[in-house]
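Shared chain: subunit A. Partners: subunit B in the first complex, subunit C in the second.
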Partner chain A sequence: MASRTAAAAIVLAALVAAPFLAARSEYAIEVLFLIFLYGAMATAWNLLGGFAGQVSFGHAAFLGIGAYATTILISNGVSLWIAVPVSALLPGLFSLLIGVPAFRLRGPYFSIATIGIGEATRLIALNWTSLTGGASGLTLAGAPPMLQQYFAALALLVAAVGVAAWIRVSRFGYALAAVRQDPDAAETLGVATTVVKSQALFLSACILGVAGSIYALHYLFISPDSVFGFSTAVSFVIMPIIGGLGTVTGPLIGAVVYTFIREQLAATLANADLLAFGVLLIAIVVFEPRGILGIADRIRALRKRPAVTVADG
Partner chain B sequence: MADPVLEGRGLTKRFGGLVAVNGVDIAVERGEILGLIGPNGAGKSTLFRLIAGVMKPSAGSVAFNGRAITGRSAHDICVAGVAVTHQIVRPFREMSVLDNVMVGAFFGHRPRPRGRARARAAAMEALTVCELADRAGAPARSLTLAGHKRLEIARALATRPEVLLLDEVLAGLNPTETDRTLELVRAIRERGTTIVMVEHNLRAVRGVCSRIAVLVEGRKVVEGDPDAVLTDQRVVDAYLGTAHA
Partner chain C sequence: MSYGLALIYGVLKIINLANAGFLMLGAYLTWWLFTAYHVHPLLAPLIIVPLFFLGGWALERTLVRRVLGAEPIISLLLLFGVWLVLQNLAYVIWTGDTRSIETAFVDATVALGGLTLSVPRIYVFVMGALVLVALQLFLTRTFLGRAIRATAQDRDAARLVGVDVDRVMGIAFGIGIALAGFGGSLLSLLFSFTPDFGRALSLKSFCIVVLGGLDSIVGVAFGSLALALAEAFGVRYMPASLQNLISFVVLVVVLIALPKGIVGTLRALRRG
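After this line comes the complex of A and B, so read on.
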């Protein structure tokens, strides 16, 4: 535990120093920024999808609400210090609203319902033209300096991972794990399963809302298909699965892999990244459902065992 | 009965056209061990689910310590002080034995324990009572059936119930395990917990229960002293069939 904290501190210090050491490489800063942002999104999704086992395909709704709230507020002259908290709270409130009907459903039925919720928010953004600009989207005039964006994304990631690490060892974490493994047994042991799931969804939605803020301020252009898009929602699911579902560091590892594949392949061949993610997902689900962390566990186990048994392990 | 700790009145559960529990009145005396017996499909487990809030009754009411708890959620009723075990064991498979019990310790009682250490201590106490303390660190899925049944009891016990509903905790156990579990049931009662147990093993029920109620086809047929109940003609007929039907 102590060594893990030390390792995290070293990594964090390196990331804080990175923009000053690698200041000449704008590309490296951009990639790190994207990793932070996607890492925060994946970690947020994992609070509900991994810890509580409620797989949502509708989480783009929260990113989208946050992104649109920030863009609309700032375009109307509202300060960033108000726009960002509002962009966190609006998705949070929305999550409480949709949690009531959605959490009446279980397993695949819940997941299918979240697809509907995600699509509904996309269609609203598409058709509420007076507010959202419809299909042509919204633009912002100017972005904050890249260094500020970098540290904002890093701070969000640290906050998200901090929440996840706290949940892992807390009473709340026990409740989420119980809900994931057997919701009926959890109920009969005093766990208010719907309340607990709503709390996880709320935290998840708030973090994604802030991620939406940072996204909007970085790209300066948002449209229903980008922030509310189904492929965005699916990316939140892919990253934790690649890294390790329901773990603290898994979504982060997944975000690193996801960002690299996307940056490398999307530039060379259109949609090649989607093919790569498809193949990767199938491979993981078939061979090691616990993702990269699961593979690491296996390697560690192999090393510990005497050499004779390695062959049949 | 002057002061029943738990009282069901006219409890009824319909599944479409089938009436699984049909107007059952049941009163549980504080500190007793009440046996609930009956042939398969008599509605015993369903009656437990109605009391524990896992299912809502179609009609009738449940009172706990004189207060209505009808229709309240299962987690509410658990916190109020009525815990239930599952006939088909439902451990949290990815957790250790201790963590399974800590869920009950964390959430099953108000005020909630402050901090992990207290929840852990409460869970260890429940495990000790259930003679599972030496397995605390083991994965729950590694337990034997007898171990799983004890884990069900330990989890429920960690919620510090006033009334414990045990659903066939003896089913599938060999005679030695059965005797150990009956000892455990007595020990829990000695600690001041009222117990209602659904059971098929009539010899075991006769040995441990202070009273017995018999359900047949969703209705309560007879209730009273174990020896009297088990020799009652209606009970014999229900179990063995009527010779002159």
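After this line comes the complex of A and C, so read on.
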């Protein structure tokens, strides 16, 4: 545990120093920024999807609400210091609203309902033209300096991972794990399943709201198809699965893999990246549902095996 | 078009998220056979149905079987992966341009006592009804059909009385996929499509299946009717662009309010 904390501290120090050391390589900074942002999103999704086992295909709604809240508020002259907290709270409130009906459903039914919820919010954003500008989207005038964006994304990632690490060892985390393994048994043992699931969803939604804020300030242009889009929701699902569902580091590994594959393939052939993710998803689910972390565990076990046979002999 | 979904759910107890992908693929194959080989769109199902049956059967054998024992969420994710692959393969092969099939048949209309009806719509309606009847007969009158129903009701008991459950599951999955392909082929006559074609429709399918009750074939027919009515009436009160919204709202409401499906729905409809 101590060695892990030390390793995390070293990585964090390197990431803080990176923009100053590699200031000339704008592309490297951009890629790191994207990894932080996707990492935060994947970690947020994993709070509910991984720890509590409630796979949601509708999480783009929270990113979208956060992005639109930031863009609309800032366009109307509201300060960033007010816009960002509002962008965190609005998706949170929305999550409580949809959690009440959605959490009456279990497993696959919940997942299907979330596809419906995600599509419904996208269609509302598309058609509420007076507020959202409809299909043509909204633009912002000026972005904050890249360095600020970089640290904002890093701070969000650290906060998200901090929440995930805390959940992992807390009573709350054990309650979520109980819900994942057997909702009936959890309820019998005194876990208020709907309450803990709603809390996880709320945290998840707030983090995604801030991610939406940073997204809007980085790209300066948002449209219903980009932030509310189904492929956005899909990316949240893919990253934690690639890395390892329900772990703290899994979504981060997933975000790194996701960002690199996307950067490599999206430029060469449209949709080739999503095709690759589909293949990867099938392979992981069939061969190693615990993701890259699971594969790492297997390799470690293989290395240990010879030592065991020697001891036996 | 939702029968396949109900069949796969009933027998394998998994929800086929890849349904949308196969629906889209059915539409594209019909279009492709028509433009490249001049196969009449009405004959395309003769090729598509057996092909998709084999494809579905192979998919069950190679991938789905491996995750049947795992948590339900795993099979959901697997089929979601299959859908992603199919959809984006279609983007790579056929690009995202909108396609449609244009023949004299597609635009034909027939006058019936003052009403002008589109011929393909009638055709699709008749074929849908025929498939429903054929499927119902198959499931109730043939040995294989009964074996499928037995497996759906209780897998272990079916195995005890000598049903080859593994084989039945492969066949049921194949039929489900074949129905999705057939549905896609029929729908390509009515609508233009992109690789994203199946998504909204599949959500509607889920909605229909849930409305009808997840393992009843007749219930699925009632579910289709109920959703079609809800959409048709809804459009009178809101813009047409929000039509899809209605099915999503119905889906969510039904999942929550009527998890038991058709019986309660019918009563509610009579009262309303």
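In this text, the second predicted complex is superposed on the first by the 306 of 313 C-alpha atoms of A that agree within 3 Å, B and C clash if a C-alpha of one lies under 4 Å from a C-alpha of the other, contacts with A are read in each partner's own complex, and residues count from 1 in each chain.
Everything that follows uses one rule, which is that a contact is a pair of C-beta atoms (placed from the backbone, for glycine too) under 8 Å apart; a residue touches a chain by one contact, two chains touch by 3 or more.
All values derive from a computational prediction rather than experimental measurement.
Engineer: Determine, under the contact definition given at the top, whether A:Ala192 touches first (subunit B), second (subunit C), both, or neither.
Structural biologist: first
Engineer: Should A:Tyr174 be classified as contacting the first partner (subunit B), the second (subunit C), both, or neither?
Structural biologist: first
Engineer: Regarding the shared-chain residue A:Tyr109, is it in contact with subunit B (first), subunit C (second), both, or neither?
Structural biologist: The second partner, subunit C, only.
Engineer: Between subunit B (first) and subunit C (second), which does A:Ser79 come into contact with in this model arrangement: first, second, both, or neither?
Structural biologist: A:Ser79 contacts neither subunit B nor subunit C.
Engineer: Is A:Asp182 touching the first partner subunit B, the second partner subunit C, both, or neither of them?
Structural biologist: Only subunit B; A:Asp182 stays clear of subunit C.
Engineer: Between subunit B and subunit C, which one contacts more residues of subunit A in the superposed model?
Structural biologist: Counting contacted residues of subunit A, the larger count belongs to C.
Engineer: Is A:Ser130 in contact with subunit B, with subunit C, with both, or with neither (first, second, both, neither)?
Structural biologist: After superposing on A, A:Ser130 lies clear of both subunit B and subunit C.
Engineer: For A:Ser3, is the partner it touches subunit B (first), subunit C (second), both, or none of the two (neither)?
Structural biologist: The answer is neither, since A:Ser3 touches no partner chain.
Engineer: Quick check on my understanding: which residues of subunit A belong to both its subunit B contact set and its subunit C contact set?
Structural biologist: none
Engineer: Over in the complex, which subunit B residues touch subunit A? Could you list them?
Structural biologist: Counting only subunit B, the residues touching subunit A are 52, 54, 73-76, 78-79, 83-84, 86, 90-95, 99, 102-104, 106-109, 112, 116, 119, 155-156, 158-159.
Engineer: In the complex of these two chains, what residues of subunit A are touching subunit B?
Structural biologist: Result: residues 169, 171, 174-175, 177-178, 181-182, 184-193 of subunit A touch subunit B.
Engineer: Within the complex, which stretch of subunit A touches subunit C?
Structural biologist: 53, 55, 101-102, 104-105, 107-109, 111-113, 115-117, 119-120, 123-124, 126-127, 230, 234, 237, 241, 269-272, 274-275, 277-282, 285-286, 289
Engineer: What residues on subunit C touch subunit A, complex-wise?
Structural biologist: 14-15, 63, 66-67, 70-74, 76-78, 80-89, 91-92, 95-96, 199-200, 203, 206-207, 210, 239, 241-242, 244-245, 248-249, 251-252, 255-256, 259
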